[in-house]
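Common to both upcoming complexes is chain A, partnered first by chain B, then by chain C.
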Partner chain A sequence: MSRISFQVNDRKISAPEGMSLLGACLNADIHIPHLCYMEGMTEPPASCRLCFVEIEGRREPVTACTLPVRSDLKVRTDTPAVRRLQRTALRLLLSVHHVDCKHCIANYKCELQRTARFLGIGLKPKHLDHYSKEPEVDDTHPHLIHRPNRCVLCGRCIHICESRHGRAYIAMARRGFDTVLTFYGSTDAIDLPAPDCTACIDVCPVGALESKHGE
Partner chain B sequence: MSPPDKRSRSAAYLALQETALQEQEEHAETGGPVIHIGLATCGIAAGALETRHAFEQVLAERKIPARIHPVGCLGHCYAEPVVIIDHPDSGFPPIFYHEVTPGKAKMLARLFLEEGDPRFEHVYGAMKPNDLIPSVMEFSRFSREHRVVMEKCGRIDPGDLNEYIAEGGYRALDAVLRMDPGQVIETVTASGLRGRGGAGFPTGLKWERARTAFGDKLVICNADEGDPGAYMDRAIIESDPHQVLEGLAICAHAAGAGEGGIYIRSEYPLAVRIITRAVEQARQAGLLGKNILGSGIDLEVTVFQGSGAFVCGEETGLIQSMEGRRGMPRHRPPYPVSRGFQGRPTVINNVKTLAYLPLILQRGAEWFRSLGTEHSPGTAVFSVVGDVVHPGLVEIPMGVTLRTLIFDICGGIPKHKGFKAVQIGGPSGGCLPESFLDIPIDFDSLTEAGAMMGSGGLVVMDEATCVVNVSRYFLDFTQKESCGKCTFCRIGARHLLDILTRITCGNGRDGDLEQLERLSRDIKQGSLCGLGRTAPNPILTSLAYFREEYETHVQDGRCPGMMCRPLTAFYIDLEKCARGCDACATCCPTDAVFTTSTRKKGIDLDTCVKCGECVTACPPEYDAVRRVSPAHLAPVVERPAEPVESAADKPENREAP
Partner chain C sequence: MDSEAGREEAALLNRLRTRLADFEKDRANLLSILRMIQETFSYIPEEAIYMAADHLDLAPSEVYGVATFYNQFKFNPPGKYPIKVCLGTACHVKGGDIILENFERKLDIREGETTPDRDFSLERVACVGCCALAPVALVGEAVHGHMAPSKVEGLFTRIQVEKEMAEREKRRHESAR
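For the complex of A and B:
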């Protein structure tokens, strides 16, 4: 496959044709915050709204995960407009996140921690009220414990489950602010993939999913 | 109708036309009065079924040889149930009667149908100019409208395919089927038609893209219509479904699609029934299905019921929903025209967009361009609701000003109140003040003003409206209807709502307005789909045009529109209150009204829930109930320790209202 080169932050980088700008930048060690994107996704959900970049000639920042690379791209990953959107998105996520890193299994490997550090903002945003969901723990699943107040609803677990097993045993339920992950319809242990599949836990960027059977 | 030019019709069409015209003739020969009753959802809600039943009864009982002709929506909501009686032998022209209750129906049957007395006191107007009765055309609500897409609404029976055909229906399709698709697209492009689903995307261009896409194509009519207060699409489907189907078939031929769908919300049960039946009728008549009108072209159409989400009207959400998934929009591009339903190229057009097509193809692009403005040709259909004298569906040429629409056509603000604002474009639109009344209504001017055409919802608000509360109402709607997929819309909209709620409860904080502005701007820019990208519009526009009203709420705890309950209080002006009158006391749901020692009334502020029932109940000649904001301005009247005997307290006077 032919490679395409283009410009990011005054640097020339190249990537295979058809790759997303986000994938290309990450490969070239140019960090762009992201939560929902996973390598190899053909149609990223573009739902976390963190991977904004500015493209010369475009009025507003765009998400890098949805933009295929092109040779005429001139990209900036660190403009004020980009940072503003990223910071707002992260603050919004944190305003519904139960920040208790010490007791969280994802401590030190958490994407939220990392992104907050990268964007230079605290984990407890000042100007926004904080909300929690009820119940705090969903343990209806035979093998998994889910904590909605840690979940960022990136959908990675759903994506990986579907690609591993041909159908997703996790889904989103409810609407709007009340949207949560659900195991609706798959709580019967017999129907489930063997408990040794931990793909969803492994891809979770935060600590929202845990195994009931220990590590 | 121009004389039929036989050469340009297919044999199949001519046969259908002949049957249709024959049916018309038979009706004409039978003669006798015809009673047209508006039986769309709006009419039914106002009692039109009972009215029809009353007519049926009285016609049968008294053996009156009149025919009941069910029609769709005439668009005059304020006048429902609407009945038009055409009684040629009486010597009167067809007469428009409004608010026809069953009692009125029976009376009209006896006096007008039997005795020829049209009962002038009940006449709204005549449907034709004449010497006896003023014509409805003397009212600007009728004369200033320009009905194009709604031309047949309320005139034909939506359940009778023949009536549509007799009016020239499916003639455009017959011609289109023998045209090259490119030529059809050219005509539509030349007409300048822009999509009526909200964004105003050029229809010809969309079709061109679909035509050149590869794959098994599909066309879909978007009849999701989820905006609160908008019902144009419902009215059109319930009144003239075949025009939409004909448009869909034209679109399918132009795009090269063999399959069509109608995505209609299941909350429109009558519209679902009517369109489903219309599809069946069209199929049986050879207007859909295999080998349409003998052209060798096939088009299968299915009706798909959506299930109650505003966001499923967004085209990519709609596709997900049709595929059986959770209705969550996805990033565009790819646009549906290149990758839509099941990955196939899919054209999605709004009900009105499709309904214009038969007319454009019959009358030509030039005709369409002669209406409206250069960049927004044609007409616009609005459902005008709120504080106006004559609410309902209004079709006007694009470019008419908001002032003309609201004041000249819809009769202005009732009860001598002043105009305050108009919310145009539904929950995604903006709230515009008086200074915008003279802007022309077209896609671009409205967008420039921070509102948008949207699908055509228009809410008029009088001076006693609180714009903060109105913004809160719309945000409450959009945040509930967010699909929950993207961060900005899911969480951001909730924060916006909470700040607004706080402000309307008198708990606004310093910096709230700046926060609203900042968040709104980011949500608009950062959201994934049109829902989030437009949800802050009501806030941004009202903040821009009514900022002082927000400030008054935050700084003084005062609601100038006296709408925010926590910031207002009711009291009774003792100077005006009539001794011994119990009107307010008997209607108060919480017994907050008490009798003072002077046998006048007082309101116990602790028990009052501020429902406003007492304001309505107080006889206008006293007009003694007052509303103030902030709440602490209400004078305190102590409730006497011992209840004072008043007329209403005697058990025998305490009747159910």
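For the complex of A and C:
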């Protein structure tokens, strides 16, 4: 496959044709905050609204995960407009997040912590109402413990489950503030393909999924 | 569960499989199938979700996810007396939410649910078109205006009395034969 080179923040980087701009930047060690994107996704959901970049010639910032690389791209990943969008998106995520890092399994390896540090904002956003979901813990799954108030609804677990097992045994239910992960139809161990699969736990950017059987 | 309603539902579920065969196995048909199920049962029973998932070769969780996205789909069967509490603008201003809470307490169910005996179901609606009577509640098709907590109590007494009258009437009818 042919490689394409283009410009990012006054640097020339190259990437294979067809790759997303986000993937290319990450490979070149240019960090762009992101939660829902995973390497190898053919149709990134672009739902976390964090990977915005500015492209010369385009008025609005665009999500880097949905933009295939082109040789005429001139990209800036650190403009004030981009940072403002990212901070707002992260603050909104944190306003529905139960921030209790000390007791969270993802402490120190959490994407939210990392992104907040990168963007220079606190974990408890001011001026935003906090919204919590009920119940705090969903333990209907035979192997998983799910905490909706830690979940950022990125959909990585659903994506990996579908690619591993041909169909997703996790889905999103309801909508808006009430959107939650659901294990509907997966609450009986015999309906599940692999009891020891921990792919969803491994890809979770936060600590929303945990194994019932320990590490 | 009322055994008559249960039997009827079982029969409908039996027929659902043949009705599903009318739909091509294409995930684009999911919404049409869900609508058909809701039209058949007046709600989406759990068994029907599994049948639809099976027919379209989707995960049940995905079917459930789509169904819960739309407010139009109900997951509890309608009661014999479906109660709708209006929370449109006028009723909202006149304290419709208090009326809804009264019903919730009285029936010990939440909005969108049905009592275990399937006698009553509770639902919120947005404007029934008689804002002058706010706050408004509907029991079946009957509109009850100027609702107040005491009238919620009165409604149930009335339904109870009507039920007992029908019961007596039925007994008299049977003994006359």
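Just so we're on the same page, the second predicted complex is superposed on the first by the 215 of 215 C-alpha atoms of A that agree within 3 Å, B and C clash if a C-alpha of one lies under 4 Å from a C-alpha of the other, contacts with A are read in each partner's own complex, and residues count from 1 in each chain.
The rule is simple: a contact is a pair of C-beta atoms (placed from the backbone, for glycine too) under 8 Å apart; a residue touches a chain by one contact, two chains touch by 3 or more.
Not measured: the values here are computed from a predicted model.
Of the two partner chains, neither chain B nor chain C is touched by A:L119. Chain A has more of its residues touched by B than by the other of chain B and chain C. After overlaying the two complexes on the shared chain, residue contacts for A:T182 are found with chain C alone; chain B is out of touch. Contacts of A:R84 after superposition: chain B is touched, whereas chain C is not reached.
Of the two partner chains placed by superposition, A:V203 touches none, neither chain B nor chain C.
Of the two partner chains placed by the overlay, neither chain B nor chain C lies in contact with A:A28. In the superposition on chain A, contact is made by A:M172 with both chain B and chain C. Of the two partner chains, neither chain B nor chain C is touched by A:I145. In the superposed pair of complexes, A:L192 makes contact with neither chain B nor chain C.
Judged by the touch definition given at the top, the superposed model places A:M41 against neither chain B nor chain C. Comparing the two interfaces of chain A, the one with chain B and the one with chain C have residues 171-172, 174-175 in common. Interface of chain C with chain A (complex): residues 49-50, 53, 58-62, 64-65, 68-69.
Across the complex, chain B is touched by residues 43-50, 52, 60-61, 63, 66, 84-85, 88-89, 92-93, 95-96, 127-129, 131, 152-153, 155, 171-172, 174-179 of chain A. Residues of chain A that touch chain C in their complex: 167-175, 182-186. Taken in their complex, chain B has these residues touching chain A: 309, 326, 328, 330-331, 479-488, 490-495, 498, 511, 515, 518-519, 522, 525-528.
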